[in-house]
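Look for chain A in each of the two complexes below; its partner is chain B in the first and chain C in the second.
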Partner chain A sequence: MSAKIFSKDEWAGVLEGLKDAYEVYVPVKEGDFHNFRPLKEGTRPSFEFQNTRMSPKFLTEPQSERMFEYTLDKNQPDAHILKEDEKEIPPRAVVGIRPCDAFAFQLVKRNFDTPRYKDPYWLKRYEATTFVGLGCNDPCETCFCASAGSGPFDRKGLDVLLYDLGDAYLAQPLTDKGEALLEKTDGGKEADEASWKKAQGLTRQVAGKGSRRVSTDKLREKDVNALYEAPFWEDVAFSCINCGTCTFLCPTCWCFDIQDEVQMLPMVGDRMRNWDSCMFPLFTLHGSGHNPRSSKTERVRQRFMHKLKYYVDKYDDGIQCVGCGRCVQFCPVNIDIREIAEKMNAL
Partner chain B sequence: MENPYLPYPVRIDSITTETEDRNLKTFKFVFLNPEDEAKFAYTPGQFAELSIAGKGEIPIGIASSPTEKGFIAFTVNKVGKVTTHLHNMREGDVMGVRGPLGNWYPWEQMEGKNVVIVGGGFAFTTLRSSIIYMLEPENRSRFENITVVYGARSPGMLLYKDELMAWEKRDDLDMHITVDATDDPDWKYNVGFVPAITEEKVTSAENAVAIVCGPPIMIRFTQPVLEKLGFPPENIILSLENRMKCGIGMCGRCNIGEKLVCKDGPVFSLAELKELPPDY
Partner chain C sequence: MIEYTEKIREIAKKLLEEGTVDAFIGYKKGSVPMMNEPVLVRDPADVDVLHWDSNCGLNLCNYLTGRTDKVGILATGCNSRNIVTHVIENQADRERLYIVGVPCTGVINHRAVKRAVKGREITEVVEEPGGERFTVKGPGYEETFEKADFLQLNCATCRHRNPVEYDELVAEEVPEQQAVQAFKDVEKIEQMEPQKKWDFFERAISSCIRCYACRNACPLCYCPTCFVDESKPQWVGKSIDPADTMTFHFLRAYHCAGRCTDCGACERACPVGIPVRQFTKKLNKDCIELFDWEAGLSLDSRPPLDVYRKEDPNDFIR
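Take a look at the complex of A and B:
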């Protein structure tokens, strides 16, 4: 199937039509920011945004999700035995995801889809999702995707790429999943030569603006212990208040906690998994009271070492960051991963 | 898709209080579904998540040996919410076990070698598993001399006392029991810290591998003793702990550099650890 052109006038109807086959997630304006929300009656999609405030990582890793349920009622034959939550994940499509955020799923997949263990919760959501990306005509000031293995029109992790041509969207299918989605759309017409020319011009024009360059080329060859002992960590961490905003917003931060929640009458419970953060001291606190990362400097170091060195060494295929710039934009004390990458790269 | 977070249901078959402070108990579990025992095929050095509905999970080293059939055993120190609840449970109660998890002691590397085991306090659990495993007649010939140094604060704090006394009498195992101090006039074993007794009793590093498991302070002072004896870092084997949740390398908290204690460990050689940042 070839690419399609959808006029912006028909766009709302196209999204609406997708609901027959998919649970559709779209950007929605909430106050001063955008976030992805399910398209329901009354939802007003808004594609006038640079990026959403929250990353779309919740699509595969909800902030809180039930893993198991059980009864604690001793009169029940299956008391205290965990049962899987058999909830099926319907086909879903996220429309308008930025290329950096789509690429993030590819990095995070390495953690949840391993030869030895597969995380069924993450993977079944991932497999059910069709990623319809929207190229960035106007990259954020804080982003550096081109230095992080992605780019304003990068295709990695996307099933369809949309080009915003002003009065229309050019939709280019990139995978079988993407073709299947486009086949299910109402309206639109086959993309013509002129639209392609416009899209190419757009790509060139945005590339010409140039996103900020960040050097990461020497991280792989650096000695891990030299970086760990580097003199700058105290300075880097000095202003950090360990709020965890960076890990909360980051599309490539996947760490989680597992907690049991119980209610009385009837005595039933759930085993839940919730987002967690390496910025919090409880994250690594031993039962004995010992804590290998008890100070904030150690925790800040862990976050940057994980993204810019441990991950780099483990997979030998780039950094664990897609350059979306959210942590830079929203850090309340202006800690900037771009500056830290430069420091580490230059050590 | 198989769910690696789903525990096998087990029944508590027996509970033994190990120490005089009553903070350490050994729990023997029997699988509710007998076919799960074969699925839970493990090797000494591995651990599992003990799972209590409504309370949570805790990673604990497997104290039984795969040569012991019909049950699995764990010795648990009472420290937090889950372990305290477990200590209050009774024989017959149902809970879960998830695993086996992590790697194991390097049994292939140790074949044909002298094995030196140095343990302290309640970290002796996977070492018990290892000793039982090596003493099994079909396995004993795979190893040369086996030397064990095991110490606790006081005689009442030693784990597995009956087995220790039995091992002490055997001639295919060189057993050295020690306590930091005792006022028991009838105490007929060693008195002294584990590193000192190791220095006294272990005389050679030739063709030998040492497994060390104990509190950090014991490890810190035992390491130079072994290095002085001539053990190269590749032949000093340690078992580490870090806080864990998932046990399968996904939740992110137990890392030491790029390694995850739950999946790449808990067993590391000193040579491997020297390459990593000291985040443990």
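Take a look at the complex of A and C:
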């Protein structure tokens, strides 16, 4: 199937129409910023945004999810037996996801879908999702996607790519899943030559502006111990307050923690999986009370070493960061991964 | 306030060279507009990284906890009150501190600025000397604003702009704001019906992601293990159940009662713009009304929750 063009006037209707076949996630303005939310009655999608405040990683890895439930009541026949939470994941489409964030799912997949281990919850959600990207006409100052394996119109991880042509969206299918989605849309026309020209012009224009370059080319060849022992970690970490904002907002941070939440009367419990962060004091805390990363400097070093060295060495295919710039923009003390990457690269 | 920069560098250089301090804590200019980064300078040759303007928002007192060296530290009115609180609570030793007082005219509310330019990209914010106005620049536009209209909410109602405890000031004291109605917002909530109050707080925290940036930005939250992180017993669930999130916010506020200086670091740090100060401010108001107490004004008086005074208004204890 070829590309389609939708006028912005009919766009809301197109999204509505998709609801028959998908659970549709759209950007919604909430106060000062946007977040992805399910399209329900009364939801007002808003595509006037640079990027959402929270990354869309919650689509495959919700901040909290129940994995099992159980009862501790000995009078019950199923006492102490973990019962898996039923998860019905209908087909879903996320519309308006930025290329960097879509690419992030490909990085994260490496962690949840390995030859040895397959995370059923993550994979089920991932497979059920169709990613409809929206190219960036106006990348943020804090982005550096082009230095992080992605780009304003990058297609990796996307099923459809939308070009915002001002009064219309040009929708280009990139995979079978994307074609299937476009086939289910009402309205729209086949994209004409003029629209294509416009889209290509846009891509060239944005590429011409150039996003900030961050050097990461030497990270692979560096000695891991030399980087680990680098003299700058204490200075880099000084201002960090270990708040975890960077990792919670990050589309590529995948760490989670498993916790039991038990209540009395009746004695029942849930086994939860929650986002974790290497910035937190409980991260890698052993049962003995020992924590190999007990100080702030060790935690900060873990974050950057993981993203810019351990990951790089393990997969030999770039850094564990897509350059979305969220951590740069929202770190309350202005710790800037772009500057740390330069430091590590130059060591 | 940008003109303080030179003086701050000069003082820091002198202190480090003369060995009065081993290290100096200040701010450096951030890589992102309206975000300066706290920095520690050890070498007098490095003092030129120090910078001051109206975007020094994270409370520097945070960086004193656990230090055993001699440090110089910049302190605005609220930060100096937190340092006093730290000293009273044995988290810092006054003898080892050299406090460089910064008479403050307030921190810019970066969210309000972003709103005022309708969310457009901001590439640079330039402050005029004297600091009354600042200019916001971005692709294809430039707009100038009055700083007084863009103060952080806590700064707009601040009654202690001048440091209360210092060894040296970087400039003359600034006039204190007169006739500020500090608790109008709290009064509004106080007057609500219980259900409305509950709804208000529920809505206020609805987008909280429990990252704890608010807690960690707060110099009062120095406990080695916060109650939310304890697992035996587990006081609060760790998922994002609204009841747990509410518990976190209320309990944290109570832990700050009689200690909070309304420095605004918590609210500034929150990545999703939760009005966290609405919790602590009510208790600040109660402390004034019940105990005639504002935190950190003097090294010689103990906070209301760890003293007994005959004049205390409640009679349950007498």
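Please note the rule applied: the second predicted complex is superposed on the first by the 346 of 347 C-alpha atoms of A that agree within 3 Å, B and C clash if a C-alpha of one lies under 4 Å from a C-alpha of the other, contacts with A are read in each partner's own complex, and residues count from 1 in each chain.
To be clear about the criterion, a residue touches a chain if its C-beta (ideal position, glycine included) is under 8 Å from a C-beta of that chain, and two chains touch if they have at least 3 such contacts.
Because the structure is predicted, anything quoted here is derived from the model rather than measured.
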- Message: Should chain B and chain C be called a clash or a fit once both complexes are overlaid on chain A?
- Response: fit
- Task: Pick one for A:Gly201: touches chain B only (first), chain C only (second), both, or neither.
- Result: neither
- Applying the touch criterion given at the start, work out whether A:Gly166 contacts chain B, chain C, both or neither, answering first, second, both or neither. neither
- Pick one for A:Gly13: touches chain B only (first), chain C only (second), both, or neither. neither
- Which of chain B and chain C A:Asp257 touches, first, second, both or neither: both
- Message: Under the stated touch criterion, which partner chain does A:Pro38 make contact with: chain B (first), chain C (second), both, or neither?
- Response: neither
- Note on the structure: Rounded to the nearest 10 degrees, the Cα-centre angle chain B-chain A-chain C in the superposed arrangement comes to 90
- Superposition-derived minimum Cα distance between chain C and chain B (Å): 6
- Message: Based on the A-chain superposition described above, do chain B and chain C contact any of the same residues on chain A, and if so which?
- Response: 257, 259
- Considering the complex alone, what residue numbers of chain A touch chain C? 30-33, 35, 48, 50, 53-54, 63-64, 138, 140-142, 235, 238-239, 241-245, 248-249, 257, 259, 261, 272, 274, 277, 280-282, 328-336, 338-339
- Note on the structure: Note: in the complex, chain C contacts chain A through residues 30-32, 35-40, 57-58, 62-63, 111, 114-115, 119, 121-123, 207, 209-213, 215-217, 225, 229, 231, 234, 237-241, 265, 268-269, 271-273
- What part of chain B is in contact with chain A in the complex they form? 1-7, 9, 32, 51-58, 77, 79-80, 83, 93-96, 216, 241-243, 245-246, 248-255, 257-258, 263, 275-277, 279-280
- Query: What does chain A use to touch chain B in their complex?
  - Reply: 67-68, 70, 72, 79-82, 84, 111-112, 114, 116-120, 123-124, 224-225, 228, 254-260, 262, 269, 271, 276, 278, 283-288, 290, 292-293, 298, 302, 305-306, 309-311, 313-314
